[in-house]
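A, B, C, D and E label the chains in the order they appear, each numbered from 1.
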Amino acid sequence: GKATSSTSSKSSSSSEALSGKVTAVGSTALQPLAAKAGANFQAKNSKVNLTVQGGGSGTGLSQVQAGAVSIGNSDIFAEEKEGIKADKLTDHKVAVVGMAPVVNKDAGIKNLKMAQVKQIFTGKITNWKEVGGKDQKIVIINRAQGSGTRATFENAVLKGATAVKSQEQDSNGAVQKIVATTPGAISYLAFSYFTNKLQAVSIDNVTPTDNNVESNKWKIWSYEHMYTKGTPDKAVAAFLKYMDSKTVQDSLVKDMGYISIHDMKVTKDAKGTVTQN
Amino acid sequence: MLKQYSFEETAVQTFDEKTSLAMKTENLQVFYGANHAMHDADLAFPKNQITALIGASGSGKSTYLRSLNRMNDGIATVTGKIWYHNVDINEPTVNIYEIRRHIGMVFQRPNPFAKSIRENIVYALRANGLKNKAELEERVEKSLRGAALWDEVKDSLDKSALSLSGGQQQRLCIARSIAMEPDVLLLDEPCSALDPISTVKVEETLLELQKKYSIIIVTHNMQQAARVSSQCAFFHLGHVMEYTPTGTMFSNPQIPVTQDYIAGSFG
Amino acid sequence: MLKQYSFEETAVQTFDEKTSLAMKTENLQVFYGANHAMHDADLAFPKNQITALIGASGSGKSTYLRSLNRMNDGIATVTGKIWYHNVDINEPTVNIYEIRRHIGMVFQRPNPFAKSIRENIVYALRANGLKNKAELEERVEKSLRGAALWDEVKDSLDKSALSLSGGQQQRLCIARSIAMEPDVLLLDEPCSALDPISTVKVEETLLELQKKYSIIIVTHNMQQAARVSSQCAFFHLGHVMEYTPTGTMFSNPQIPVTQDYIAGSFG
Amino acid sequence: MEQTNFQLKKQKSQSNDWSARLHHATRATREDWMGKGISYLCIGVIILVVASMLWFITSKGVATFTQNHVSLTKFLFGTNWAPDQGHIGALPMIVGSFAVTFAAAIVATPFAVGTAIFMTEISPNKGRKLLQPVIELLVGIPSVVYGFIGLAVVVPFMRHVVGGSGFGIISATFVLFVMVLPTITSMTVDSLRAVPRHFKEASLALGATRWQTVSRVILRSATPGILTAVIFGMARAFGEALAVQMVIGNAAIMPKNLISPASTLTSQLTTGIGDTIDGTLPNNALWSLALILLLMSLFFNALVRVIAKRGQLKHER
Amino acid sequence: MNAKRTDFLATVVINLIVATVVGILVFLLAYILISGLPHVSWSFLTGTTDAFSGAGGIGVQLFNSFYLLVLTMLISVPISLGAGIYLAEYAKDNWRTSLIRSAIEVLSSLPSVVVGLFGFLLFVVKFKIGFSVISGAIALTFFNLPLLTRNIEESLSAVSRSQREAGLSLGLSKWKTEIGIILPVALPGIVTGIVLSAGRVFGEAAALIYTAGQSAPVTNFGDWNPMDPASPLNPFRPAETLAVHIWKVNTEGLANNAAQLSAAASAVLIIAVLLFNLGARLLGNFLYRRVTASK
């Protein structure tokens, strides 16, 4: 996919006459941000009919590919999804999400080595005492296969190894709840889902913070994408532009726990290769 | 112990040319699937008289009666001819709705609609295109008077028909039928669910009605047949065994099976 | 038109000391909620005889009969005394299961269980603790013979009872009752659902059974009452109006209401 | 004829020709045509819906085998479910679905039958006034709410009592038990009520006790009805998605015991469908799961029919 | 006596079972209401949800639930009425009818996820209607049809044959008899069935997640033109219902009071279903009295 980096950051003032239909479908992780930004956008452009819906990254990508919707929201690169012809789609990165392992507080774990995390999720380590925690069985909570969060996590941590079969939850909320209440549980969550009821784990003594993501010191992160097909019509283009604007990137994105695309000091491509900006 | 009666030995009267007939069946047979419930019934019904059909339970009285206005359509197979105004109304091309308008029927258990008394009578009239209010009102009164019910209900025409007593309900059903101004009225044990007082009232009504209508009535009650009918047909196991003037049937039955039935020593 | 009969004018016979009685009721009254369905019935039933209860529909025959073995428990309120072997079995302390074993009942509609013919008879015996196979077999044969059914079913005891004809089913129900070796047999219109042939067979069975049992039978059919019973009670609107030997009742009824009912000019 | 008829004008002119009069189509005839038309149309819509549903799900469901050339045995008996990597062994889900379904039915049936007996034989009055509404209410509680309670009450309870995460077959069984209980109960009540009153009277008249009558006569003759009720309950359990998904743990592994997390066909389906691409193996594989669900509901249906036939035969023979 | 003791024992066991069942229901209701009701307020009932956290009121969802319900009923009642009349009146007892009955049974026993996914595939994806009220209503119709049809057929068939014969013997057409005479008598039963199925539709989530969608865009409650995109009546807008909302808050909710939110929403949902139940009884009784008794 071609990554278009928008340059203009001012929302155009000629939007009075703007009208049309914008439908953004897909990633549930991106849905709240898109919905909120969409609402703001529509407040300014009342003639535009903008709807944001969930359904999952797969739905978003396949719908935009089929031309059923104008924007397909996705947590992962189109290239990573089997059955999607990525070269037919245009990628618009609108935010960055950092993720980190989270464990139940009772386990007594605050920091792990990257290799240890890998061994835990591949089933090589099964008790917390092996990594310096309590004598307690490790309960792995995975995300559903095909979920963007899981793809990102496995790309960054497992690097091709196969995760051990375990419980799978299809939502951040469920993971959050289960890890908080189940002794010995470990999973992974986007930063915005951290609560004081669970312990976010540092890896190799790097803490999961926005700053560390921006400099790629923290390796587990991904983009939030909005894909379009062909030439977007005026309304869609305006909305995408608005998403990239300072109004959204500097306030909304940060307020909602995402990382602004403008703040990134590195770029990652679909194969995971990171280059300094 | 139980006598076997021959189905060959029957005594069925016919009528001469001069008697004007309301209806007539020829060779009427009825089958419920494989069950041959009615064999070869040849009966003629004189106009403006009451004909009674009697016989033991299961002998086919209802089966025969229901065939006369095609109420057996879709339930039983009916073969043979049913003459009405020189039309064989047992033909499939006949408009059964018209037939039923001309040949009304009243059932064993009173079955008024769950509507007001007035609506019970007006409903079918309206469905048949009579819209004029005054005329409808007139019909309501006329038919209720005809069924000897008017005086009892004239002040409560808007009450539910279901609030009437059994006997009143049955007379309402009769009223509902005669409101359609039929030619022939078929009644299937109209009094069997009624108390004695109501029975008497219905019988009086029938005697009155025969002036205008031809009536065929099924009854279990021989006394009733004796009281109201001019002629009487005796059914036995799906066969018409005897059809004679009522006087003859009760005082001088023609064949053994009828004799035994009338004497009550049947079986 | 309908005569009003006085409930004061009754003719109810009593029996002298020498007659040995199977059962007797004193002052029996039955209420369905507020509906007073049975007034003050005082009847005595001689041993080894058939007593018939007759009367119009709704006159309370079934109500009375069902009280005799407490089948009305939980359905109606029954007051008064029911004497059986000098025990008032209408008292709440009495074991109703024992009563029903001694006072059997056969219903209007044949109601065999959906089990084999044998099982129908064996069921209650086994429930009452009889386990011995040989003895059970013996009882099956004896009771089926008693009900005049043995010859017809002896080769198919394992067939479903529901495959029998109505008359056979009813005799099976009688067999099922007498297998319990009761004292008294109550029958509520046992023939009303049956064809004439079956009716005759059941009547013959009853005449045979009275040698061993005391029988009380409700019937709508006066001919039947005349054929089988020794004495006859006439019920009218919840009152026992006349209770006399059957011969007397049919040839020389004592009071107007019975006269009219017997003459069929009732109402 | 002398009588004044009020028929339509058209017919008035021919009122002396009885043959024409009795053969002519009238308003009633036309009404009947219209009525037939309307009702046939409606039933047609339903048939169309069913047919297209069967067609869509079947054609999508078999794509796994026809397009992706997965072998049927691998699908039915394989235990490795990782569609992203091309492994699609559905056995864990099949086993999971059957396990929770049977477990729930086994637990629920005695409760349902007991309650039904109470409602029909022991205390019909209380049955109608108190239990009937209770049962109807239980039916009416939405499955998300059951899931919510399962998550908030049952899972922590199980974690406390039997250990582990609390998610698993036993929690799902418990939630499903409560969910199918009203279904089985109300249908059992119907079938007990349908036992002819004279069966009961016959037994009582022979001196049998209430329990003897119930256990040997009433339950016996209501058996087909009760079996049908249980199967309907199982069908509901088999197809229930959200409540189960919320408590079972969704682990596509062969359940080792009752407390280990498992997954069912429905839970895997709801979890995965949004993240797959139409036409790819992972998507097709999910539709194959849906196909199994469809086939199972056909199977349950056929079973009910067979039982009904058997029951009828027993009564006729 | 042995038999008597067994009888007593059985009675005790059955009473225990019943007590357990009643206990379960009481616990369920009490739990939901006690944990939820304290958080229900007017602003909760009418407020809008924060798209990001799921926190906030459920006004839109409540409206969506009712709107979807009305739409579903508008589609499914007429169809099931026609189909019910067909089965009660016109269907002959042959293999074709039994095939039709099987088809209806199959539809009724299909898991609602499957129905939902079918709706997703057909309406949302194939017909490109997108997540919308109308897609949801059609999916709900699918799973409502068999229940309603069966209920209507049963209610119609329960009306005594003699009423039908009364109509037919007066020369009324079958259709007129069915509509004018049988239907009014059967109405109480039918209405009860409709209201009860309304309760089920109201609480359904699985079939809606992928048809009506999981988002509740704030609509303009001042605009009642169904054609306007912002109108709440626009059938082509996505509409998260209350039941879906509960599911989502439970599984995805970010708000730190997610537990209270879903408890409160559950309480509202339960009360709505309770009201439907109660309404069904009252309305059924009322109609029954009206039809049978005076007037």
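Simple rule for what comes next: contacts are C-beta pairs under 8 Å (C-beta built on N, C-alpha and C of every residue); 3 or more make two chains touch, one makes a residue touch a chain.
Being a predicted model, the structure only gives us computed values, none of them experimental.
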Taking each chain's centre as the mean of its CA atoms, which one is farthest from the centre of chain C?
A
Contact counts by the stated rule: is the higher one at A-D or B-D?
A-D
Please work out the Cα centroid separation of chain C and chain E, and write it as a whole number of Å.
52
Per the centroid of Cα atoms for each chain, what is the distance between chain B and chain E, given in Å?
48
So the centre of each chain is just the mean of its C-alpha atoms; given that, what is the distance between chain A and chain C in Å?
85
Listing for chain E: what residues touch at least two other chains?
3-4, 125, 171-173, 176, 210, 250-251
Among the residues of chain B, pick out those that touch two or more other chains and give their numbers.
97-99, 127-128
Residue numbers in chain A touching 2 or more other chains?
28, 54-55, 66, 169-170, 174
Considering the complex alone, what residue numbers of chain E touch chain B?
160, 162-163, 165-173, 176, 180-181, 184-185, 291-295
Would you mind writing out the residues of chain A in touch with chain E in their complex?
21, 23, 25, 28, 31-33, 35-36, 39, 49, 51-55, 63, 66, 68-69, 169-174, 192-193, 195, 256
Residue numbers on chain D that touch chain B, as the complex places them
1, 3-8, 18-19, 21-29
Chain D-facing residues of chain B, complex
84-87, 89, 93-95, 97-99, 102, 125, 127-130, 181, 183
Touching residues of chain D toward chain A in the complex: what are they?
82-85, 151, 156, 159, 164-167, 246, 249-253, 261, 263, 270-283
